[in-house]
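Below you'll find the structure I mean.
Letters A, B, C and D mark the chains as written, and numbering starts fresh at 1 in each.
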Amino acid sequence: MAEKLLEIKDLWVEFKTDDALVHALNGVNLTVNKGEAYGLVGETGAGKTTTCKSILQLLPERVGKITNGEILFEGKNIPDFTEKELEDFRGSKCAMIFQDPMTSLNPVLTVGDQVAEEIELHNPGMSKEDIDKRVDDMFKLVGLLPERKGEFPHQFSGGMKQRIVIAMGLACQPDLLLADEPTTALDVTIQLQILKLMKDLKEQMNTAMIMVTHDLGIVAKICDRAGIMYAGEIIEDGDIEDIFESKYHHPYTVGLFGSIPDLTVKTDRLNPIQGLMPDPADLPTGCKFHPRCPKCYEECVNVEPKVYQLSPSHMIKCHLFKDIKEGGNE
Amino acid sequence: MSEKNTVNVSAAAPRKFKRKSQLEMVWIRYRKNKLALFGLVVFLIIVIVSISTPLFIDYKEQVIKQNIMDKFQTASAAHPFGTDQFGRDVLCRLLWGARYSILCGLGVMALSLSVGAVLGASAGYFGGAYDQIIMRILDVFFAIPMTLMAISIVAAFGNSIPNLIVAISLGQIPKMTRIIRSSVITLKDQDFIEAARACDTKKSRIIFKHILPNAMGTLIVEGTLTMGKSIILIAGLSFIGMGIQPPAPEWGAMLSEAKNYMLNYPYLMYAPGIAIVLTALSITLIGDGLRDALDPKMKN
Amino acid sequence: MPTPLLQTIGLKKYFKTSKGVLHAVDDVNFTIEKGQTLGVVGESGCGKTTLGRTILRLTEPTEGRIMFGGKDVTHAAGKEMHEFRKNAQIIFQDPSSSLNPRMSVGDLIAEPMKVMKTITGKKALEERVYELMNIVGLDDRFYVSYPHELDGGRRQRIGVARALALEPEFIVCDEPVSALDVSIQAQILNLLMDLQDRMGLTYMFITHDLSVVKHISTDIAVMYLGQCIEKAPTDELFEKPLHPYTQALLQAIPVPNLKNRTIESTIKGEISSPIDPKPGCRFATRCPYAKPECTGHDLDLKEVAPNHFVKCVLV
Amino acid sequence: MVKYIVKRLILIIPIIFGISIILFTIMNLTPGDPAQMLIGDTYTEEALDQLRAELGLDKPFFQQYIDYIWNALHGDFGISYRTRNPVFDEVFSRFPHTVAITFLSIIIQVVVGVIVGIVAAVKQYSLLDTVSQAITMVLASVPDFWIGLMLLLLFSVKLGLLPLSGIENWTGYILPAVAVALPYMANLIRLTRSTMLDVMRMDYIDTAKAKGVPKKKIIFKHALKNALLPVVTLAGVNISWMLGGTIVIEQVFNIPGIGSLMITSIRNKDTPVVMATVMFIAVLSCLINLATDLIYAAIDPRVKAQIKG
């Protein structure tokens, strides 16, 4: 069995705004092993970004709050970290890449400075020359000319900015990289280049990764395991073989696959999921997917489903599977 | 306009759905802001005072008539705020003074808003040489310090209230025009204007139905801010003797007279100052409240 | 052969910028038959959005002609233009900026009919609005809502209803599903296809998403830096892509299955800017097969198979 | 860069011309005859006519304007109708006072404004934030001359700490500078606070946090520079407004600055002095405007690129 790097246990997160209490995460359980790429799939508002931000304790102050659960990184609970421990943890053990490269770099600092800052912070005592050399190495690694490190973010294109952000994320060789839709803002040909870069570097550095995305195609290309999120829960979790090739799926997963036009097969119409994402301030009872579920029956409306283990790696949170395999675990 | 629509729709509709008019929604959002509500109440009181003073105060007898015998009395039941150097009741003068500030403030707001809206909206919408000419001319006015401009105009044409309003508006128009122009330019590029053009909508309808209602928020907020500023400005002009002249009890003019007796009778300076602050503050609070309330994207 | 519903001949749209002349649309020729869907695919900055707006004359073309229903509408004005606007409509990408935030759903859908005076009488107009809302799958109760109170999918349905209000023959769909989540995206795509079947609409479907375009289009045009570099019937294009850029685009789509998990990126670099482009193939700088003869002179769009056009020296 | 500066300097010329036309017209419409005012109560008609001719007042309006511009272009701004001194001497004997007040005032408003603004933003919702917001709200609505009067009452009349009026030494500048500064400062606090809050919500701040950058460094290295941009612009605008806007305050404190010069000159139809002063202030404010844009460019590389391009 692989060694556990990150384990999230029953994580609940709430956002309190002026007019509503938003239930962003409602009991998320997930595990990422060392060196593994985990895909977190879901639509807008499913709680993917909140999960990542919780790991780094980046939830908006005063508004976002972890109400229950543990986030164990190498066995230590991150929410218990002191401010100092957090600063050491962020960047060196666990780094994050944000969705929009256009806005995730500071416009008034040179890109070289921004990469160097990260190295300097986590390697106290490192000489200026060594840091400089390290920055050059990182630039080369992500396919950028080191001569350009004195330039400012606006002088780079979106794809190149994302390369810089990746260089920054990997500069201290973190054990875990959180990538929040790193290619959504990019064109397809550039997306491919970035995905390839990330996959190569991840293997080269043996970094574990959580890849947040709404694109199942990206999961198929990059990830070893994946979880499908819906309304703040992981409703299906497994190896990618389980997700892409098993015949048992959560009805939402089925709907997601049905919504993507298939390039290989000619279909007349798509089979989308009916209805809309539930309002996270006013979630349905029972199974949160039941109002949109084509297979919904009485129990789904009233009783929250348990998580059923279909195989050692494959888990589904749905009433339909209680007879398929006995002994669901909470 | 939208209120009229509501009535028609529900009257004719087989399926009835009640729609809140835009005005109703603005009010619902506005009243949530307690400070803005406070500002509105204060402002309304000041407006009512300024309109109704002639009903219970006699200008000749109570406001400007000198009673040297009664001078420099401190607060008493007969004169709650005391009397000034000519024995005039400070409270009466103060209440009467409200009308100057409100009248000038509203006048400047109306004038600078209407001129600014016409110039800004047309320059922003049509662009090109027309825009360039308007903006370059306004640059010139923008470079003349506002107070200096007002003083020289008053000196040239006399210090009547209409002249004062024009003089102060001239200083406000360039800024107002710029703000409205830039908000029109932003709106012009929005897809919903394209959508209107795709239906062969006439320019006038695009401007009045699609652009102006959306620029209205900026317009109203800027208008209230201008009003607050101009009330302070008019008091300043009167204070240096270039605005409304004594014996008229304009608040700035009252302060100007009071300054001469500062050493011995400082109380004369409190009331007019506080009156100016309250008026300007109430308008600022209203403006702040409207800023949020007029944004259609804010939640109810 | 019947007259195509829409035809562009040498259509160009240039913009003057401080850095030079931007060739947003550069000599684009294509036809769309009635009832068909032409998918226009390309990456950001390839001029696909400008193309859509130029065809509808929301921006005036620099050069070239636009034929609609056999009539030249390039310089149409007055009545002719009115007729063209009635028959050619547009659905925008971002449903939040394409709907006037100060108008209610009912007013938004009624607006084109009020402006065009196609339906007179309050009651008739209202009935028609409810009918349109029904067609696009919007509940009656939203008649009095404002767009910002609705979610993205419903807002896009308003956009569709507005475009349908004048019963046009032709609709430019400018990335109508890009801003939406996949499950909602599929709902809107199905809606558009249903409408086409029911009303015999003709679409020009602009998108960057090849899988979407494959699903909805009968023909596909691939654009790169203002030019159409390949055009073919959908199945043909997906089976036999000829231009290296088209091949790269197809290869770049991550397919949601585990058949091929290697990532191979054949084209390097990024899209350059279409400001004062040099003659020659505009893709040459990134092309893995680039040869000296690719640069220096402009290429023609050659018909290499029936209805399959390519602009490349290799074929 | 040099090209940009030269271009901006050239753009000042039409503005100055526009101002000169507007002002000359207004001054011409102002009632009164400078020659009559100058000559006093006892005079002969010939002497008056001679004085008029000497001052060029007998010529038609248009000719007067052309003459004025012609002389001004040659560095001759004429003599004051009122004092008969060269205009230059008049203006420059007054200017240092106004500049001193403006300078002191801008330092007070920027330093206090930025510091309070940042603290309020960083400690959003704290008591300090609420109090500072309430105070700025009120301060922004208080006329500066009334603040001046109240300060006089407190510090000069009641406490006797600072001079009551006039400028005998530098302490005379303190109260006027503070009085002018407070309303402007209120706006600077509000602006700093709101841009700081906006900046703190940006993605790159999250990026910095995710890198493990300590909070202090995030505020001062990553956020402050970005938040300062609009503050620089506002401070620049404030300076140009204060140069021409301390008129009222100078009356409160009896300071012989530009303001009192302007009032007497306008009342006495002393056209040369008014023209020279306003044009001088306008040129200054255009220069300050340019300086603000250059500072802006120094902070923000995107603006710098635009200027260079």
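Keep in mind that, in the parts below, a contact is a pair of C-beta atoms (placed from the backbone, for glycine too) under 8 Å apart; a residue touches a chain by one contact, two chains touch by 3 or more.
The structure displayed is predicted, hence computed values, not measured ones.
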item: Contact-richer chain pair [B-D vs A-D]; value: B-D
item: Farthest chain (mean CA position) relative to chain C; value: D
item: Chain B and chain D, separation of their C-alpha mean positions in angstrom; value: 24
item: Distance between the centres, which are taken as Cα means, of chain D and chain A, whole angstrom; value: 53
item: Centroid spacing, where centroids are CA-atom means, of chain B and chain C in whole angstrom; value: 48
item: Rounded Å distance between chain A and chain C, as computed from the means of their C-alpha atoms; value: 33
item: Chain-level touch network, classified as line, ring, star, complete or other; value: ring
item: Pairwise chain contacts, counting only pairs that touch as defined; value: A-C, A-D, B-C, B-D
item: Residue ranges of chain B touching chain C (in the complex, touch as defined); value: 2, 5, 8-9, 12-13, 15, 17-19, 22, 190-192, 194-202, 205, 210, 213-214, 296-297
item: In the complex with chain C, residue positions of chain A that touch it; value: 43-44, 157, 159-160, 187-193, 195-196, 199, 214-222, 240-241, 244-245, 255-264, 266-267, 269-274, 276-277
item: Of all residues in chain D, those that touch chain A in their complex; value: 125, 202-204, 206-215, 221-222, 225-226, 299-302, 305
item: Complex contacts: residues of chain A adjacent to chain D; value: 53, 56, 58, 62, 83, 86-92, 95-96, 98, 100, 103-109, 117-118, 121-122, 152, 154-155, 165, 168, 178
item: Chain A-facing residues of chain C, complex; value: 43-44, 151, 153, 181-187, 189-190, 193, 208, 210-212, 214-215, 235, 238, 248-249, 251-258, 261, 263-265, 267-268, 270-271
